[in-house]
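Shared between the two complexes below is chain A, which has chain B as its partner in the first and chain C in the second.
And now, the complex of A and B:
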């Protein structure tokens, strides 16, 4: 007799999913209504029906290596149409939450970010790091003259104080660390997904340029246009919140990089560059527009989620609320710090700037393990999907 | 009785426009019957005309020539001392009139249709002359006590319900304890809202309720040796469980076997038993019997690939329940519901929906007893009817209960553990499930499958007949008459009737108790219990001419007729269902009902006017079963389906009641064919009297031979099966038969 899959249901995994928003998963009775409404579902892969029974059976290994789970962007059609109230969309969200923790590097940090009760520690880490550096730098006092966040870490002056660069010392490694964590997590995911392919389809390895041009870039284009969002029924208006958020992120990343290079690189040598940008500066205009877009976008998502929870009886989870909270914190503290700076309320301005740094630090450090990680995991899952469907893989014998 | 006729022709519903009413009236007058017409005989005013005639002129046999006898039954029932005869001019003639075609013009059709109506008039007048008003058979005594056989949930509930309704109950249980199978349950399926979790067994409450009920006499350690007599007066002989007594019910001995016994070629199997006709003076008397003898776990040994009996720890659900009650539940258990592997997806035999629910219950034990317990349910069908859907949902919500539809191909032993191999699962993978124990969802085999159980002391033997058609369930027609067995006065409930869960068993037992009460009350009034409920006619025998041919005693589908040593039938009116199969069987034509006799139908056949010089005007008589085929033709007429106007339809109680003399009557009066339309017969029969249409088919084959010997084509007589849903086909069935007759040409003996 042929060998079948040796099933070892993981009761802990089921419990995790139930606590992470998938409390309804056991209700599914496999009618496949979800697969009929889901645009991701194919003839030979009834999605998310099969994921539902895998979840019921606690088949963790299969689920974390399932690209479909990552490709789902929770349009909510399956949940709306489910006749049994099993809410497949929410279950898939819970599986993704689990997957980010599962693939997260290092595991300790990933686990820390998986539960709401750890939020105080998550806040405390950057607060202590930035607070101690701030205190040691000697910048923790109200400086004379105009408010200039450029002198947050000390104001000793020749061209620029060395302590100014403390900000780079904190944030650049954090960012690099996050990127490395992403790299580790995504390559684990990729290996897991590839292992699920039939043996004959596992051998193709694309070159880097081919990988980027044929798999990643088309995926990014698709994401930017929010093409798949537009196929959604139930949660269609999420585009109006999510799209400004995406572009705001990109814009803010760009202006921050610009500001850092201009102020803290060229500013080292050229006097007068280490000052706030004027409001007429195109970069400043972009920054403010993006800042507002960020707050508005995340505000829309906030309202949407509250409404979903109210109307669809969805269970609120830390996984879903953390990204909304942290992005809102980044946006509001940044904007408020600028307003108090202009209003010349120094205490408030510096305090809010400190909070802004703390929230940006959290944004950088924790993104690989929280819902925000979807920006990379999903992109690579889409790339994997294109890879799997590509002629190169299919042709392998 | 003084018979006074009154003919009432209705001109409503299109009858007046389509038919020559004057001509019809003339026929009544020819028969010496006063006739009146009314535009709506069924109306208050129309019926008042009849009532007035009854009051003023003493009319007691109104002949209503209007709609089908199946409608306005109550309105045209004029009470005691009267009997209504109906001529079906509406559905039978006007509504089913042919439409003009190349073969028949409107003129010809009008002529044919009027002839049809006139024949129905003649037949109705003849029927009126021949009919008599039946009087209910008089019972000497009616005993109202109810015997309940079996002290499980079904028997206990039936006993209690019957007692609550005011009947004394004799409850017989063969073991020494009441409670039955439920005593071995660790927990029971939910019986009330919210239906989602297991309950502690409530059997003890039921047992003590029965034990303390003053109307109920309980006899444990006791079996029923024989049940003699008839509804209202059953004689029950009891015995100690497991013993053999002279009063045990004798085995059935066929006529041939009796011959051999007499010649000494065969041993009498009933040596030492009292003859079945002998009455035990010490017998307990009851009015009706409820059979609740339950079930035994069905055998699973035929499914060798599942390893029961070979591999340790492969057990049946019944065995697992016992282990569970003792607290021996392992942590990883697979429940297999369907043993067919890749050949079929059937559940275990005798499973019904119960095994699904038992698997859910027992999966619950695995979870209760093991914090990390895992229960796998592999099913082809998950059947949780009614509120049990909530129980299914509850089990499904349990983290450690895993369910999938699956084809289980085998169970193997691997390193001390069991591996269940499953294909075609919902997980889209073949599975190898490693478990500590495998539980097979064995079904509930009714006790009637293996023994006569009821132990009747009847001419036709101690058990129910033809049970192989129903896998051993004592059944007369599961869909139409769920409680009925083929023995009037004996009603089954619980596991012996159907694999049922507890809630269903309780409902079932209430139903059986009500049926038993209905039977006793009907017997007391001398009327039929079922399916002709309330029919006060019964077959009467003219014994002087009986030749002891035993056909009636053999053919009665309900074993109503016993016989004496010579073979003369001994009628039991309260066992009788009034189908008339005995009347159809009798070659001497000595069995008839007051209102349904050999003479009456025969005369109706002969009343048809048969033209002997017109080859286009063939005459076909159709005896149509009034249970399904006749309503079916009515329905066709209501849908304006044309019926061939050469056919003269006579409704009969059952094809079994069709005596072959009527066919001879038809042929000798020059009719060209005789058609019998009745219910389906065979393994999935639909006959309301179980055997009637099948017996009719055999008789017709025989009469065909007789006709052949007379030089008539056997094809002129035929039986066709019609279901009640065949209203779109019945006209074609008739036309095909007529086409065959047309090919044969007219009856060569016409006019002689």
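And now, the complex of A and C:
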């Protein structure tokens, strides 16, 4: 810095941060208490003091390519100890929210997901897509006999097998699209972060296997054990909510994939497979346990967030509440649809199943642009942190 | 009709006998006003009496205080009540009735400071004048330069045998064990609140772990350590083991400019630390000293003072607030901050760490009950005519500013008395 640097503040970016929960950022006077009390910050270039001044200066490019922003778990220790009430944790949260939009592909969709006022549109998109398909398929009526969500898009299963594939035709491309969006966003983030590294000769590039085994896998292990979360002081109790949620997510992903293959792939050829799993089926048990864990986990996070917002007098943001809301919606509609199916209340069962499809669609499509995107952005930032400290970057003598 | 040459009509009550109260009382009395000067401690002089040296000229406190005590002794207009607190205030400007509580000293004015009672007393207490860094007898002169020069007894700390011995040792009948708290009422035209300050309690600073090591002291403790009448006779030694520290650190803004503690800048701590570096330099010319700061504030004409210290190669200045202190097994402590200039963590392992704690208004909760208006930080706001705040009761100040504000308060008090 001694050679001097020209600061060209991005005023729009500063305004954005202030609106997105970082309204206190200008109070920071750079005492650096935060960097010392942060349990996740290292000795070398610790955060979040430097991020606070970059934010005040509006150095957007530096911040979106700063892995430390993603490494922050918003423990809240910095905010608790901040002598000025500048809430560094909230500022970093606001930067992350900005970064997810910044890296979002396509930009239109990313921007749509960045503001709470767009929520009706966000709900309308899957409602229309699934609703129109439901209507066109001829399934939008109360079928006779047992309730079977497998015949949601029409009961003409044996006549027109395609109708059962409609659900796959909607959801599989959506998921692939989201995965591609993540790929685009994360590779851009990685390039940005790599460009911030000191301009020395890279020794050599890691292979894909090396990359996964040396950087990604250790990061995933840390995430699963909630190692960093557990180091948090102020907001430590979030682990009790977040951990069941993570495992429920993984379990539900597995059982959904299993159900899809069993019912809608093999079920096309083998009669009797295209029916709901019995309650004794291990996958069904797993699904129900995970469903309850999901609701309980997100419920704990809901309560925690309400409480901290009340205690710290922070304004609730769409960014923070969307993931809680959508995960709760997925869990509750799924569980309620099952209950009404068992209770044989056909109208409610099909209606809730429809709502369940809408919320799952939202979960798939909007994850790369909302707070939920942290599941991949943070994983890769952690991988980058390890990469940065490894022999691939550090000059070897 | 007001005749400016007529005898002053109403008396002035000055609450607090520190440098501000002394100044205000003398300024008012020396133009002919009757003055009641009340002080809750057994002797006058306040926080200044505890300093080793004070700005602007780095005099020992005896220097300025002795002159003021002389002026008081020679002025029949001032009545001094020590061990006295204000209980209640009624009335209005020009006509206040103030009830004062005089707490028992258990020693009357027969006391000649012969010290026979101290030799007889068997019980010791932590010395409040030295922030508990040494022990004193339960009966004692409050400190070497105490004025009024009269002993005080901490009766609750004494066994009955000890009390008997004390009474027996005094040949002037100065010890009165049955002395009771009493109330007196005074009629005054105006009140000057010069209630001063207390050092902010470092135990509140959780991350600095004041209690974890004796190598962590406050800046006021440093004043006592450096004072010839302090616990170590003026030698700067680490409390507890009395080791000569080989290295020092100063933690600026310890609890100041901090919404969780004192929201405001206490004004004096930067210069106080720089002054204390001079104390250290006089005894340890080569010892490494690290100063952790957010900003260094050298108000008034003290910029040269800073420049001189910054030329000292054995002093490291780190821009970053200490946010963690770790007690080490060898008796030293490690201070941790982020150096905001380099962007890396900075650590300093030192034998003695001084927390530059700030000034907290001493009157605090009591102010409301006495009908005073205070700001959000408990500093007394002069609002109605006749209720005037001065010195550190008004805002965090150095001695010079206190003397100015006390003189201004005396002027306002005189005006209120003659209206």
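In this section, the second predicted complex is superposed on the first by the 378 of 397 C-alpha atoms of A that agree within 3 Å, B and C clash if a C-alpha of one lies under 4 Å from a C-alpha of the other, contacts with A are read in each partner's own complex, and residues count from 1 in each chain.
The rule we apply is simple: a contact is a pair of C-beta atoms (placed from the backbone, for glycine too) under 8 Å apart; a residue touches a chain by one contact, two chains touch by 3 or more.
Please read all numbers here as calculations on a predicted model, not as lab measurements.
Chemist: Counting only touches as set out at the top, which of chain B and chain C does A:31 meet: first, second, both, neither?
Modeler: In the superposition, A:31 contacts chain C only.
Chemist: After the superposition on A, what does A:59 contact: first (chain B), second (chain C), both or neither?
Modeler: A:59 contacts chain B only, not chain C.
Chemist: So, does A:104 touch the first partner chain B, the second partner chain C, both, or neither?
Modeler: neither
Chemist: Between chain B and chain C, whom does A:6 touch in the aligned arrangement: first, second, both, or neither?
Modeler: first
Chemist: Please work out whether A:18 is in contact with chain B alone, chain C alone, both, or neither, and reply first, second, both or neither.
Modeler: A:18: touches chain B, not chain C.
Chemist: Based on the superposed arrangement, let me know which partner A:83 touches: chain B (first), chain C (second), both, or neither?
Modeler: Touch status of A:83: second partner only.
Chemist: Touch check for A:50: first (chain B), second (chain C), both, or neither?
Modeler: Once the two structures are laid over each other on A, A:50 reaches both partners.
Chemist: Identify the overlap between the chain B-contacting and the chain C-contacting residues of chain A.
Modeler: Chain A residues touching both partners: 1, 29-30, 50.
Chemist: Can you name the residues of chain B that touch chain A in the complex?
Modeler: 372, 374, 393, 396-400, 402-405, 409-410, 412, 421-423, 426-434
Chemist: Show which residues of chain A lie in contact with chain B when the two form their complex.
Modeler: Of all residues in chain A, those touching chain B are 1-9, 11, 14-15, 18, 26-27, 29-30, 50, 53-54, 56-59.
Chemist: In their complex, what parts of chain A are in touch with chain C?
Modeler: Spelled out, the residues of chain A in touch with chain C are 1, 29-37, 42-46, 49-50, 81-85.
Chemist: Per the contact definition, I'd like the list of chain C residues that touch chain A in the complex.
Modeler: 207, 253, 257-261, 294-295, 320-324, 336-341, 343-345
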